[in-house]
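Two complexes follow with chain A in common, the first pairing it with chain B and the second with chain C.
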Partner chain A sequence: MEISVNGKPVKIEIAMNLAQFIQSRGFKPQTVVIEYNGEIVKAQTWEGIVLKPHDRLEIVTFVGGG
Partner chain B sequence: MNDRLKIGNQELTSRLFLGTGKFSSNKIMPAAIAAAKAQVITVALRRADQAYPEENILNFIPEDCILMPNTSGARNGEEAVRIARMSRAMGCGDWIKIEVISDNRYLLPDNQETIKATQILAAEGFVVLPYMSPDLMSAKRLVEAGAAAVMPLGAPIGSNRGLQTKEIIRILIEEIELPIIVDAGIGKPSEAVEAMEMGAAAVLVNTAVATANDPVAMAGAFDLAVRAGRQAYLAGLGRVIQSNASASSPLTGFLHE
Partner chain C sequence: MMNAFEVGLTRYLKNEQLEKIQHIHVGIAGAGGLGSNSAIMLVRTGFKKITVVDFDEVDSSNLNRQNYFMDQVGESKVSALANTLRKINPAIELQIVNAKITKDNIAEIFFSCDIIIEALDTPAGKTLIVEELAGNKQLVVAVSGLAGFGNSDRIKTHKINEHFYIVGDLVSGIDALPPLAPGVTIAAAKQVDLVVEYVLK
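For the complex of A and B:
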(Lines of atoms letter the chains of each structure in order from A and count residues from 1; the text may use other names and numbers.)
(Lines give C-alpha, C1' and ligand atoms only; values in the text may rest on other atoms or scores of the structure.)
Protein backbone atom coordinates (compact mmCIF):
# COMPACT_ATOMS: atom_id res chain seq x y z
CA MET A 1 0.00 0.00 0.00
CA GLU A 2 1.00 3.58 -0.40
CA ILE A 3 0.98 6.36 2.19
CA SER A 4 2.23 9.93 2.08
CA VAL A 5 5.17 10.89 4.27
CA ASN A 6 6.20 14.54 4.38
CA GLY A 7 4.45 15.09 1.08
CA LYS A 8 6.10 12.17 -0.72
CA PRO A 9 4.57 8.78 -1.62
CA VAL A 10 5.99 5.87 0.35
CA LYS A 11 5.25 2.20 -0.30
CA ILE A 12 4.76 -0.13 2.66
CA GLU A 13 4.98 -3.89 2.05
CA ILE A 14 3.74 -5.25 5.35
CA ALA A 15 1.10 -4.08 7.81
CA MET A 16 2.60 -2.01 10.58
CA ASN A 17 1.71 0.51 13.22
CA LEU A 18 3.09 4.01 13.44
CA ALA A 19 5.69 3.14 16.07
CA GLN A 20 7.05 0.34 13.87
CA PHE A 21 7.07 2.60 10.83
CA ILE A 22 9.06 5.29 12.66
CA GLN A 23 11.56 2.72 13.83
CA SER A 24 11.85 1.06 10.41
CA ARG A 25 12.68 4.42 8.82
CA GLY A 26 15.41 5.22 11.29
CA PHE A 27 13.76 8.21 12.97
CA LYS A 28 14.59 8.83 16.60
CA PRO A 29 11.16 8.84 18.24
CA GLN A 30 12.09 11.33 20.96
CA THR A 31 13.24 13.94 18.43
CA VAL A 32 10.17 14.07 16.20
CA VAL A 33 6.55 15.14 16.31
CA ILE A 34 4.06 13.40 14.05
CA GLU A 35 0.90 14.66 12.45
CA TYR A 36 -1.24 11.74 11.38
CA ASN A 37 -3.87 12.75 8.84
CA GLY A 38 -3.67 16.31 10.09
CA GLU A 39 -3.81 15.54 13.81
CA ILE A 40 -0.83 15.66 16.16
CA VAL A 41 -0.48 12.21 17.71
CA LYS A 42 1.47 11.67 20.93
CA ALA A 43 4.19 9.02 21.03
CA GLN A 44 2.20 6.92 23.52
CA THR A 45 -0.51 6.41 20.90
CA TRP A 46 1.76 5.41 17.99
CA GLU A 47 1.54 1.69 18.69
CA GLY A 48 -2.24 1.79 18.47
CA ILE A 49 -2.27 3.47 15.06
CA VAL A 50 -2.18 0.88 12.27
CA LEU A 51 -1.23 2.46 8.96
CA LYS A 52 -3.72 2.18 6.12
CA PRO A 53 -3.64 3.19 2.46
CA HIS A 54 -3.55 6.93 1.74
CA ASP A 55 -2.62 7.90 5.31
CA ARG A 56 -0.79 11.19 5.46
CA LEU A 57 2.14 11.60 7.84
CA GLU A 58 4.07 14.72 8.63
CA ILE A 59 7.19 13.99 10.62
CA VAL A 60 8.93 17.09 11.90
CA THR A 61 11.89 17.98 14.06
CA PHE A 62 13.74 21.02 15.37
CA VAL A 63 16.57 22.46 13.31
CA GLY A 64 18.69 25.59 13.59
CA GLY A 65 16.80 28.79 12.91
CA GLY A 66 16.39 32.40 13.94
CA MET B 1 21.65 45.16 39.71
CA ASN B 2 18.20 43.63 39.82
CA ASP B 3 17.19 44.48 36.26
CA ARG B 4 15.17 41.56 35.04
CA LEU B 5 13.17 41.24 31.86
CA LYS B 6 9.81 39.65 32.54
CA ILE B 7 8.19 37.77 29.68
CA GLY B 8 5.23 35.58 30.44
CA ASN B 9 6.05 34.06 33.81
CA GLN B 10 9.78 34.10 33.21
CA GLU B 11 12.26 36.57 34.60
CA LEU B 12 15.33 36.83 32.43
CA THR B 13 18.70 38.22 33.37
CA SER B 14 19.93 38.18 29.77
CA ARG B 15 18.57 40.57 27.19
CA LEU B 16 20.33 38.93 24.29
CA PHE B 17 18.26 36.28 22.52
CA LEU B 18 20.23 34.07 20.15
CA GLY B 19 19.15 32.27 17.00
CA THR B 20 20.68 28.97 15.93
CA GLY B 21 20.49 29.24 12.14
CA LYS B 22 23.44 29.46 9.74
CA PHE B 23 26.13 28.21 12.12
CA SER B 24 28.78 26.32 10.18
CA SER B 25 28.44 23.49 12.70
CA ASN B 26 26.16 22.71 15.62
CA LYS B 27 29.29 22.05 17.63
CA ILE B 28 30.05 25.77 17.86
CA MET B 29 26.69 26.47 19.42
CA PRO B 30 27.24 25.60 23.09
CA ALA B 31 30.27 27.89 23.25
CA ALA B 32 28.42 30.67 21.38
CA ILE B 33 25.42 30.41 23.70
CA ALA B 34 27.70 30.48 26.73
CA ALA B 35 29.65 33.49 25.41
CA ALA B 36 26.41 35.33 24.64
CA LYS B 37 25.07 34.43 28.10
CA ALA B 38 21.82 33.95 26.20
CA GLN B 39 18.84 32.39 27.98
CA VAL B 40 16.37 32.44 25.11
CA ILE B 41 17.32 30.41 22.05
CA THR B 42 15.36 30.17 18.83
CA VAL B 43 15.00 27.07 16.66
CA ALA B 44 12.91 26.22 13.60
CA LEU B 45 10.64 23.26 12.85
CA ARG B 46 11.16 21.33 9.62
CA ARG B 47 10.28 18.03 8.04
CA ALA B 48 12.57 15.33 9.38
CA ASP B 49 14.54 13.62 6.66
CA GLN B 50 15.52 10.09 7.57
CA ALA B 51 17.94 9.94 4.65
CA TYR B 52 20.07 12.52 6.43
CA PRO B 53 19.70 11.73 10.10
CA GLU B 54 20.98 15.02 11.44
CA GLU B 55 22.27 15.41 14.91
CA ASN B 56 19.50 16.56 17.20
CA ILE B 57 19.98 20.29 17.64
CA LEU B 58 18.60 20.12 21.17
CA ASN B 59 21.77 18.29 22.19
CA PHE B 60 23.69 21.51 21.55
CA ILE B 61 21.43 23.83 23.55
CA PRO B 62 21.87 23.87 27.35
CA GLU B 63 18.82 22.51 29.14
CA ASP B 64 18.35 25.59 31.29
CA CYS B 65 17.75 27.75 28.20
CA ILE B 66 14.25 28.72 27.18
CA LEU B 67 13.55 27.36 23.74
CA MET B 68 11.66 29.69 21.44
CA PRO B 69 10.69 27.80 18.26
CA ASN B 70 9.75 30.04 15.36
CA THR B 71 7.02 29.48 12.83
CA SER B 72 9.26 30.18 9.85
CA GLY B 73 7.90 28.68 6.69
CA ALA B 74 4.37 29.81 7.58
CA ARG B 75 2.80 31.85 4.78
CA ASN B 76 -0.34 32.74 6.71
CA GLY B 77 -1.71 32.70 10.22
CA GLU B 78 -3.23 29.26 9.89
CA GLU B 79 0.11 27.70 8.96
CA ALA B 80 1.79 29.53 11.83
CA VAL B 81 -0.76 28.07 14.27
CA ARG B 82 -0.14 24.58 12.93
CA ILE B 83 3.64 24.92 13.24
CA ALA B 84 3.28 26.35 16.74
CA ARG B 85 1.16 23.43 17.90
CA MET B 86 3.59 20.91 16.44
CA SER B 87 6.47 22.76 18.07
CA ARG B 88 4.78 22.65 21.45
CA ALA B 89 4.22 18.93 21.02
CA MET B 90 8.02 18.54 21.02
CA GLY B 91 7.70 19.10 24.75
CA CYS B 92 10.09 22.02 25.12
CA GLY B 93 7.78 24.64 26.57
CA ASP B 94 5.16 27.16 25.52
CA TRP B 95 7.20 29.92 23.92
CA ILE B 96 6.65 30.62 20.26
CA LYS B 97 8.03 33.23 17.90
CA ILE B 98 5.37 33.93 15.31
CA GLU B 99 6.89 34.50 11.91
CA VAL B 100 4.51 34.75 8.96
CA ILE B 101 6.10 35.60 5.66
CA SER B 102 4.62 35.62 2.20
CA ASP B 103 7.02 38.15 0.67
CA ASN B 104 9.86 36.15 -0.81
CA ARG B 105 12.09 39.02 -1.76
CA TYR B 106 12.46 41.04 1.42
CA LEU B 107 11.04 38.40 3.77
CA LEU B 108 8.94 41.04 5.48
CA PRO B 109 6.39 39.71 7.95
CA ASP B 110 2.64 39.86 7.32
CA ASN B 111 1.36 41.77 10.33
CA GLN B 112 -2.31 41.02 9.75
CA GLU B 113 -1.80 37.26 9.64
CA THR B 114 0.62 37.54 12.56
CA ILE B 115 -2.08 39.20 14.67
CA LYS B 116 -4.54 36.40 13.83
CA ALA B 117 -2.08 33.70 14.82
CA THR B 118 -1.14 35.58 17.99
CA GLN B 119 -4.75 35.72 19.10
CA ILE B 120 -5.33 32.00 18.60
CA LEU B 121 -2.09 30.87 20.19
CA ALA B 122 -2.25 33.23 23.17
CA ALA B 123 -5.72 31.84 23.90
CA GLU B 124 -4.20 28.34 23.84
CA GLY B 125 -1.70 29.31 26.52
CA PHE B 126 1.35 29.94 24.37
CA VAL B 127 3.81 32.66 25.33
CA VAL B 128 3.64 34.48 22.01
CA LEU B 129 6.43 36.69 20.71
CA PRO B 130 5.42 37.96 17.28
CA TYR B 131 8.02 39.11 14.77
CA MET B 132 6.56 42.09 12.94
CA SER B 133 7.05 44.92 10.49
CA PRO B 134 7.41 47.99 12.70
CA ASP B 135 4.00 49.66 12.78
CA LEU B 136 2.25 51.23 15.74
CA MET B 137 -1.31 50.14 15.02
CA SER B 138 -0.27 46.56 14.34
CA ALA B 139 1.73 46.55 17.57
CA LYS B 140 -1.33 47.73 19.49
CA ARG B 141 -3.36 44.93 17.96
CA LEU B 142 -0.71 42.42 18.93
CA VAL B 143 -0.98 43.66 22.51
CA GLU B 144 -4.76 43.21 22.40
CA ALA B 145 -4.31 39.77 20.84
CA GLY B 146 -2.33 38.63 23.87
CA ALA B 147 1.31 38.87 22.78
CA ALA B 148 3.92 38.60 25.54
CA ALA B 149 6.32 40.94 23.73
CA VAL B 150 6.50 42.63 20.34
CA MET B 151 9.47 42.01 18.04
CA PRO B 152 9.85 44.59 15.27
CA LEU B 153 12.57 44.15 12.66
CA GLY B 154 15.49 46.55 12.42
CA ALA B 155 16.21 45.59 8.81
CA PRO B 156 15.30 42.63 6.58
CA ILE B 157 16.16 39.19 7.99
CA GLY B 158 19.77 38.18 7.65
CA SER B 159 20.78 41.50 6.11
CA ASN B 160 23.04 42.74 8.93
CA ARG B 161 22.06 46.29 7.90
CA GLY B 162 21.23 47.53 11.38
CA LEU B 163 18.44 49.74 12.69
CA GLN B 164 16.95 50.97 9.44
CA THR B 165 13.55 51.24 11.10
CA LYS B 166 14.87 53.16 14.08
CA GLU B 167 12.26 55.90 14.19
CA ILE B 168 9.29 53.54 14.29
CA ILE B 169 11.03 51.32 16.84
CA ARG B 170 11.53 54.41 19.00
CA ILE B 171 7.81 55.12 18.77
CA LEU B 172 6.93 51.51 19.62
CA ILE B 173 9.16 51.64 22.70
CA GLU B 174 7.43 54.84 23.76
CA GLU B 175 3.86 53.76 23.07
CA ILE B 176 3.70 50.01 23.67
CA GLU B 177 3.67 48.70 27.22
CA LEU B 178 5.00 45.27 26.35
CA PRO B 179 8.72 44.61 25.97
CA ILE B 180 9.96 45.62 22.52
CA ILE B 181 12.58 43.21 21.24
CA VAL B 182 14.46 44.17 18.09
CA ASP B 183 14.55 41.07 15.93
CA ALA B 184 16.29 40.86 12.57
CA GLY B 185 18.74 43.19 10.96
CA ILE B 186 21.16 43.83 13.79
CA GLY B 187 24.56 43.16 12.27
CA LYS B 188 27.02 44.73 14.68
CA PRO B 189 27.38 45.06 18.42
CA SER B 190 27.22 48.86 18.02
CA GLU B 191 23.72 48.47 16.58
CA ALA B 192 22.69 46.33 19.54
CA VAL B 193 24.02 49.05 21.84
CA GLU B 194 21.97 51.60 19.96
CA ALA B 195 18.78 49.55 20.22
CA MET B 196 19.30 48.99 23.93
CA GLU B 197 20.17 52.66 24.58
CA MET B 198 16.85 53.55 22.99
CA GLY B 199 15.06 51.39 25.52
CA ALA B 200 14.54 48.16 23.63
CA ALA B 201 13.90 45.39 26.16
CA ALA B 202 16.15 42.93 24.35
CA VAL B 203 17.57 42.08 20.95
CA LEU B 204 17.44 38.86 19.00
CA VAL B 205 20.58 38.18 17.00
CA ASN B 206 21.45 35.27 14.77
CA THR B 207 23.14 36.02 11.44
CA ALA B 208 25.54 38.57 12.92
CA VAL B 209 26.94 35.92 15.26
CA ALA B 210 26.63 32.86 13.06
CA THR B 211 28.33 34.45 10.05
CA ALA B 212 31.15 36.16 11.97
CA ASN B 213 34.67 34.83 11.43
CA ASP B 214 34.70 33.84 15.08
CA PRO B 215 31.08 33.29 16.19
CA VAL B 216 32.00 32.62 19.81
CA ALA B 217 33.99 35.84 20.15
CA MET B 218 31.21 37.75 18.39
CA ALA B 219 28.63 36.27 20.77
CA GLY B 220 30.72 37.65 23.62
CA ALA B 221 30.92 41.04 21.92
CA PHE B 222 27.12 41.13 21.63
CA ASP B 223 26.75 40.24 25.29
CA LEU B 224 28.92 43.23 26.23
CA ALA B 225 27.06 45.46 23.79
CA VAL B 226 23.62 44.54 25.07
CA ARG B 227 24.68 45.05 28.67
CA ALA B 228 26.39 48.36 27.87
CA GLY B 229 23.36 49.63 26.00
CA ARG B 230 21.00 48.57 28.76
CA GLN B 231 23.12 50.20 31.43
CA ALA B 232 23.29 53.40 29.39
CA TYR B 233 19.51 53.39 29.00
CA LEU B 234 19.01 52.94 32.74
CA ALA B 235 21.60 55.63 33.45
CA GLY B 236 19.75 58.07 31.21
CA LEU B 237 21.69 59.54 28.31
CA GLY B 238 23.16 63.02 28.70
CA ARG B 239 21.57 65.83 26.74
CA VAL B 240 22.39 66.73 23.15
CA ILE B 241 22.84 70.33 22.09
CA GLN B 242 22.06 71.24 18.52
CA SER B 243 24.70 73.87 17.81
CA ASN B 244 28.04 75.26 19.00
CA ALA B 245 29.58 73.63 22.03
CA SER B 246 29.32 73.51 25.78
CA ALA B 247 32.65 73.51 27.61
CA SER B 248 33.18 70.62 29.97
CA SER B 249 35.81 72.47 32.01
CA PRO B 250 35.23 75.70 33.99
CA LEU B 251 35.31 78.92 31.96
CA THR B 252 36.97 80.84 34.81
CA GLY B 253 40.45 80.91 36.36
CA PHE B 254 42.36 80.64 33.08
CA LEU B 255 46.11 81.15 33.39
CA HIS B 256 46.09 83.95 30.77
CA GLU B 257 43.64 86.07 32.72
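For the complex of A and C:
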Protein backbone atom coordinates (compact mmCIF):
# COMPACT_ATOMS: atom_id res chain seq x y z
CA MET A 1 0.00 0.00 0.00
CA GLU A 2 0.98 3.59 -0.38
CA ILE A 3 0.96 6.37 2.20
CA SER A 4 2.17 9.96 2.09
CA VAL A 5 5.12 11.00 4.26
CA ASN A 6 6.00 14.70 4.36
CA GLY A 7 4.20 15.12 1.04
CA LYS A 8 5.98 12.25 -0.74
CA PRO A 9 4.53 8.83 -1.62
CA VAL A 10 5.98 5.90 0.35
CA LYS A 11 5.26 2.21 -0.32
CA ILE A 12 4.77 -0.14 2.63
CA GLU A 13 5.01 -3.90 2.06
CA ILE A 14 3.79 -5.25 5.40
CA ALA A 15 1.16 -4.08 7.88
CA MET A 16 2.65 -1.97 10.62
CA ASN A 17 1.74 0.53 13.28
CA LEU A 18 3.10 4.04 13.59
CA ALA A 19 5.73 3.08 16.17
CA GLN A 20 7.07 0.32 13.92
CA PHE A 21 7.06 2.62 10.90
CA ILE A 22 9.08 5.28 12.75
CA GLN A 23 11.64 2.65 13.81
CA SER A 24 11.79 1.12 10.33
CA ARG A 25 12.64 4.52 8.84
CA GLY A 26 15.50 5.02 11.30
CA PHE A 27 13.99 7.88 13.31
CA LYS A 28 14.76 8.27 17.00
CA PRO A 29 11.24 8.21 18.51
CA GLN A 30 12.05 10.76 21.27
CA THR A 31 13.06 13.36 18.69
CA VAL A 32 10.04 13.35 16.39
CA VAL A 33 6.50 14.64 16.46
CA ILE A 34 3.97 13.06 14.11
CA GLU A 35 0.97 14.67 12.52
CA TYR A 36 -1.26 11.79 11.42
CA ASN A 37 -3.97 12.76 8.93
CA GLY A 38 -3.86 16.33 10.19
CA GLU A 39 -3.74 15.63 13.94
CA ILE A 40 -0.73 15.63 16.24
CA VAL A 41 -0.63 12.16 17.83
CA LYS A 42 1.18 11.55 21.12
CA ALA A 43 3.98 8.98 21.20
CA GLN A 44 2.12 6.72 23.62
CA THR A 45 -0.65 6.24 21.02
CA TRP A 46 1.63 5.28 18.10
CA GLU A 47 1.46 1.52 18.75
CA GLY A 48 -2.31 1.60 18.50
CA ILE A 49 -2.37 3.33 15.11
CA VAL A 50 -2.13 0.81 12.26
CA LEU A 51 -1.23 2.42 8.95
CA LYS A 52 -3.75 2.15 6.14
CA PRO A 53 -3.68 3.16 2.46
CA HIS A 54 -3.59 6.92 1.75
CA ASP A 55 -2.69 7.89 5.32
CA ARG A 56 -0.89 11.23 5.46
CA LEU A 57 2.05 11.59 7.84
CA GLU A 58 4.01 14.70 8.62
CA ILE A 59 7.09 13.71 10.58
CA VAL A 60 8.83 16.62 12.25
CA THR A 61 12.34 16.00 13.58
CA PHE A 62 13.69 18.08 16.44
CA VAL A 63 17.38 18.75 16.94
CA GLY A 64 18.74 20.24 20.15
CA GLY A 65 19.34 23.92 20.80
CA GLY A 66 17.43 26.57 22.63
CA MET B 1 -2.95 54.62 32.77
CA MET B 2 -0.07 54.13 30.38
CA ASN B 3 3.50 54.47 31.61
CA ALA B 4 6.17 56.30 29.58
CA PHE B 5 7.24 53.07 27.86
CA GLU B 6 3.69 52.39 26.68
CA VAL B 7 3.20 55.98 25.56
CA GLY B 8 6.39 55.53 23.52
CA LEU B 9 4.96 52.39 21.94
CA THR B 10 1.91 54.26 20.69
CA ARG B 11 4.13 56.12 18.28
CA TYR B 12 4.40 52.86 16.32
CA LEU B 13 1.32 50.87 17.25
CA LYS B 14 -2.30 52.00 17.01
CA ASN B 15 -4.27 51.89 20.27
CA GLU B 16 -6.36 48.96 19.09
CA GLN B 17 -3.21 47.04 18.12
CA LEU B 18 -1.64 47.67 21.51
CA GLU B 19 -4.86 46.62 23.21
CA LYS B 20 -4.86 43.31 21.30
CA ILE B 21 -1.22 42.70 22.18
CA GLN B 22 -1.78 43.49 25.85
CA HIS B 23 -4.67 41.00 26.16
CA ILE B 24 -2.73 38.01 24.85
CA HIS B 25 -1.08 35.71 27.38
CA VAL B 26 2.20 34.26 26.10
CA GLY B 27 3.87 31.28 27.78
CA ILE B 28 7.61 30.85 27.28
CA ALA B 29 8.91 27.33 27.89
CA GLY B 30 12.56 27.83 28.77
CA ALA B 31 14.59 30.94 29.58
CA GLY B 32 17.80 30.15 27.71
CA GLY B 33 18.91 31.62 24.39
CA LEU B 34 15.49 31.50 22.76
CA GLY B 35 13.46 32.22 25.87
CA SER B 36 15.45 35.16 27.24
CA ASN B 37 15.73 36.85 23.85
CA SER B 38 12.12 36.25 22.85
CA ALA B 39 10.82 37.47 26.23
CA ILE B 40 12.68 40.76 25.79
CA MET B 41 11.37 41.21 22.24
CA LEU B 42 7.82 40.42 23.35
CA VAL B 43 7.96 43.00 26.14
CA ARG B 44 9.47 45.61 23.81
CA THR B 45 6.61 44.96 21.39
CA GLY B 46 4.08 45.65 24.15
CA PHE B 47 3.15 42.19 25.42
CA LYS B 48 2.28 42.34 29.11
CA LYS B 49 0.89 38.98 30.15
CA ILE B 50 3.83 36.62 30.14
CA THR B 51 4.64 33.34 31.90
CA VAL B 52 8.28 32.20 31.82
CA VAL B 53 9.31 28.73 32.96
CA ASP B 54 12.84 27.46 33.64
CA PHE B 55 14.57 25.49 36.40
CA ASP B 56 18.13 26.53 35.62
CA GLU B 57 20.60 29.10 36.91
CA VAL B 58 22.65 31.53 34.83
CA ASP B 59 26.05 30.08 33.97
CA SER B 60 29.02 31.92 32.45
CA SER B 61 28.74 29.63 29.40
CA ASN B 62 25.26 31.07 28.73
CA LEU B 63 26.48 34.63 28.24
CA ASN B 64 27.55 34.10 24.60
CA ARG B 65 23.91 34.05 23.49
CA GLN B 66 21.47 34.35 26.36
CA ASN B 67 20.28 37.74 27.56
CA TYR B 68 22.00 37.66 30.95
CA PHE B 69 24.94 39.53 32.42
CA MET B 70 28.10 38.72 34.39
CA ASP B 71 26.57 39.95 37.65
CA GLN B 72 23.67 37.48 37.21
CA VAL B 73 25.80 34.31 37.07
CA GLY B 74 24.47 31.90 39.72
CA GLU B 75 21.06 33.58 39.89
CA SER B 76 17.95 31.70 38.80
CA LYS B 77 17.26 32.44 35.13
CA VAL B 78 13.60 33.30 35.62
CA SER B 79 14.38 35.79 38.37
CA ALA B 80 17.28 37.38 36.43
CA LEU B 81 15.07 37.65 33.34
CA ALA B 82 12.22 39.13 35.36
CA ASN B 83 14.52 41.95 36.50
CA THR B 84 15.52 42.76 32.93
CA LEU B 85 11.94 42.62 31.63
CA ARG B 86 10.73 44.96 34.39
CA LYS B 87 13.43 47.45 33.47
CA ILE B 88 11.87 47.66 29.99
CA ASN B 89 8.26 47.83 31.20
CA PRO B 90 7.61 47.86 34.97
CA ALA B 91 3.89 47.28 34.34
CA ILE B 92 4.15 43.77 32.90
CA GLU B 93 2.03 41.04 34.51
CA LEU B 94 4.79 38.50 34.69
CA GLN B 95 4.48 35.04 36.14
CA ILE B 96 7.76 33.21 36.69
CA VAL B 97 7.86 29.48 37.32
CA ASN B 98 11.12 28.06 38.62
CA ALA B 99 10.53 24.43 37.65
CA LYS B 100 11.34 21.78 35.10
CA ILE B 101 8.49 21.23 32.65
CA THR B 102 7.19 17.66 32.81
CA LYS B 103 4.22 15.66 31.55
CA ASP B 104 2.65 16.15 34.98
CA ASN B 105 2.86 19.95 35.30
CA ILE B 106 2.77 21.16 31.68
CA ALA B 107 -1.01 21.44 31.32
CA GLU B 108 -1.38 23.38 34.55
CA ILE B 109 1.50 25.77 33.81
CA PHE B 110 0.33 26.74 30.33
CA PHE B 111 -3.43 26.31 30.80
CA SER B 112 -4.29 30.01 30.49
CA CYS B 113 -1.79 30.87 27.74
CA ASP B 114 -3.02 31.82 24.26
CA ILE B 115 0.39 31.30 22.71
CA ILE B 116 3.37 29.10 23.62
CA ILE B 117 6.97 29.84 22.66
CA GLU B 118 8.93 26.59 22.78
CA ALA B 119 12.40 27.56 23.95
CA LEU B 120 13.83 24.36 25.41
CA ASP B 121 17.22 22.85 24.74
CA THR B 122 16.62 19.15 24.18
CA PRO B 123 14.68 17.31 21.47
CA ALA B 124 12.76 15.47 24.21
CA GLY B 125 11.70 18.77 25.79
CA LYS B 126 10.65 20.15 22.42
CA THR B 127 8.56 17.11 21.51
CA LEU B 128 6.91 17.20 24.96
CA ILE B 129 5.77 20.79 24.39
CA VAL B 130 4.46 20.08 20.90
CA GLU B 131 2.75 16.78 21.73
CA GLU B 132 1.03 18.10 24.83
CA LEU B 133 0.09 21.59 23.63
CA ALA B 134 -0.03 21.77 19.81
CA GLY B 135 -3.26 19.77 19.67
CA ASN B 136 -5.07 22.46 21.68
CA LYS B 137 -6.25 25.77 20.31
CA GLN B 138 -3.11 27.48 21.58
CA LEU B 139 -0.58 28.64 19.00
CA VAL B 140 2.70 26.76 19.45
CA VAL B 141 5.88 28.20 17.92
CA ALA B 142 8.76 25.76 18.25
CA VAL B 143 12.38 25.78 17.08
CA SER B 144 14.52 23.07 15.50
CA GLY B 145 17.94 23.85 14.01
CA LEU B 146 19.58 27.09 15.10
CA ALA B 147 23.19 26.05 15.77
CA GLY B 148 26.31 27.00 13.82
CA PHE B 149 26.95 30.05 11.67
CA GLY B 150 26.76 31.10 8.03
CA ASN B 151 23.94 31.11 5.47
CA SER B 152 21.55 32.39 8.11
CA ASP B 153 18.67 32.42 5.61
CA ARG B 154 18.53 28.64 6.22
CA ILE B 155 16.68 29.47 9.45
CA LYS B 156 13.16 29.46 8.07
CA THR B 157 9.59 29.42 9.31
CA HIS B 158 7.77 26.14 8.62
CA LYS B 159 4.00 26.11 9.00
CA ILE B 160 2.85 22.63 10.05
CA ASN B 161 -0.78 23.64 10.61
CA GLU B 162 -2.85 26.68 11.70
CA HIS B 163 -1.71 26.32 15.32
CA PHE B 164 1.79 24.93 14.98
CA TYR B 165 4.91 26.46 13.45
CA ILE B 166 8.58 25.49 13.54
CA VAL B 167 11.44 27.93 13.06
CA GLY B 168 14.88 26.67 12.08
CA ASP B 169 16.75 24.69 9.45
CA LEU B 170 15.56 21.39 11.04
CA VAL B 171 19.07 19.88 10.97
CA SER B 172 21.67 22.06 12.76
CA GLY B 173 21.69 20.72 16.31
CA ILE B 174 23.94 21.60 19.23
CA ASP B 175 25.23 18.01 19.28
CA ALA B 176 27.42 18.88 16.28
CA LEU B 177 27.53 22.68 16.10
CA PRO B 178 27.93 25.50 18.63
CA PRO B 179 24.96 27.65 19.64
CA LEU B 180 25.99 31.23 18.84
CA ALA B 181 24.29 34.56 19.36
CA PRO B 182 23.37 35.30 15.72
CA GLY B 183 21.59 32.00 14.96
CA VAL B 184 19.86 31.86 18.34
CA THR B 185 18.72 35.48 18.14
CA ILE B 186 17.48 35.08 14.56
CA ALA B 187 15.38 32.07 15.59
CA ALA B 188 13.99 33.90 18.64
CA ALA B 189 13.20 36.96 16.52
CA LYS B 190 11.34 34.83 13.99
CA GLN B 191 9.33 33.21 16.77
CA VAL B 192 8.29 36.59 18.13
CA ASP B 193 7.54 38.00 14.68
CA LEU B 194 5.19 35.06 14.05
CA VAL B 195 3.45 35.81 17.35
CA VAL B 196 3.04 39.48 16.46
CA GLU B 197 1.64 38.58 13.04
CA TYR B 198 -0.74 36.03 14.56
CA VAL B 199 -2.07 38.56 17.08
CA LEU B 200 -2.37 41.58 14.78
CA LYS B 201 -3.45 39.93 11.53
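Remarks
The rule we apply is simple: the second predicted complex is superposed on the first by the 62 of 66 C-alpha atoms of A that agree within 3 Å, B and C clash if a C-alpha of one lies under 4 Å from a C-alpha of the other, contacts with A are read in each partner's own complex, and residues count from 1 in each chain.
The rule is simple: contacts are C-beta pairs under 8 Å (C-beta built on N, C-alpha and C of every residue); 3 or more make two chains touch, one makes a residue touch a chain.
Here the structure is a predicted model, which is why all the values come from computation and not from measurement.
In the superposition on chain A, contact is made by A:R25 with chain B only, not with chain C.
Using the contact criterion defined above for the overlaid structures, shared-chain residue A:E39 touches chain C, although it does not reach chain B.
When both complexes are overlaid on chain A, the residue A:I59 reaches chain B alone and has no touch with chain C. In the superposition on chain A, contact of A:P9 is made with neither chain B nor chain C.
Note: residues 28, 31-33, 35, 40, 42, 58, 60-66 of chain A belong to the chain B contact set and to the chain C contact set alike, using the contact criterion stated above.
By the touch rule above, chain B contacts chain A in their complex via residues 19-23, 26, 29, 42-50, 53-54, 56-58, 67, 69-70, 72, 85-87, 89-90, 92, 157-158, 184, 204, 206-207. Looking at the complex, you find that chain C touches chain A at residues 30, 32-35, 118-127, 130-132, 134-135, 142-147, 160-161, 164, 166, 168, 170-175, 179, 184. Note for the complex: chain A touches chain B at residues 6-7, 25-28, 31-33, 35, 40, 42, 58-66. For chain A in complex with chain C, the residues that touch the partner chain are 28, 30-33, 35, 38-40, 42-43, 58, 60-66.
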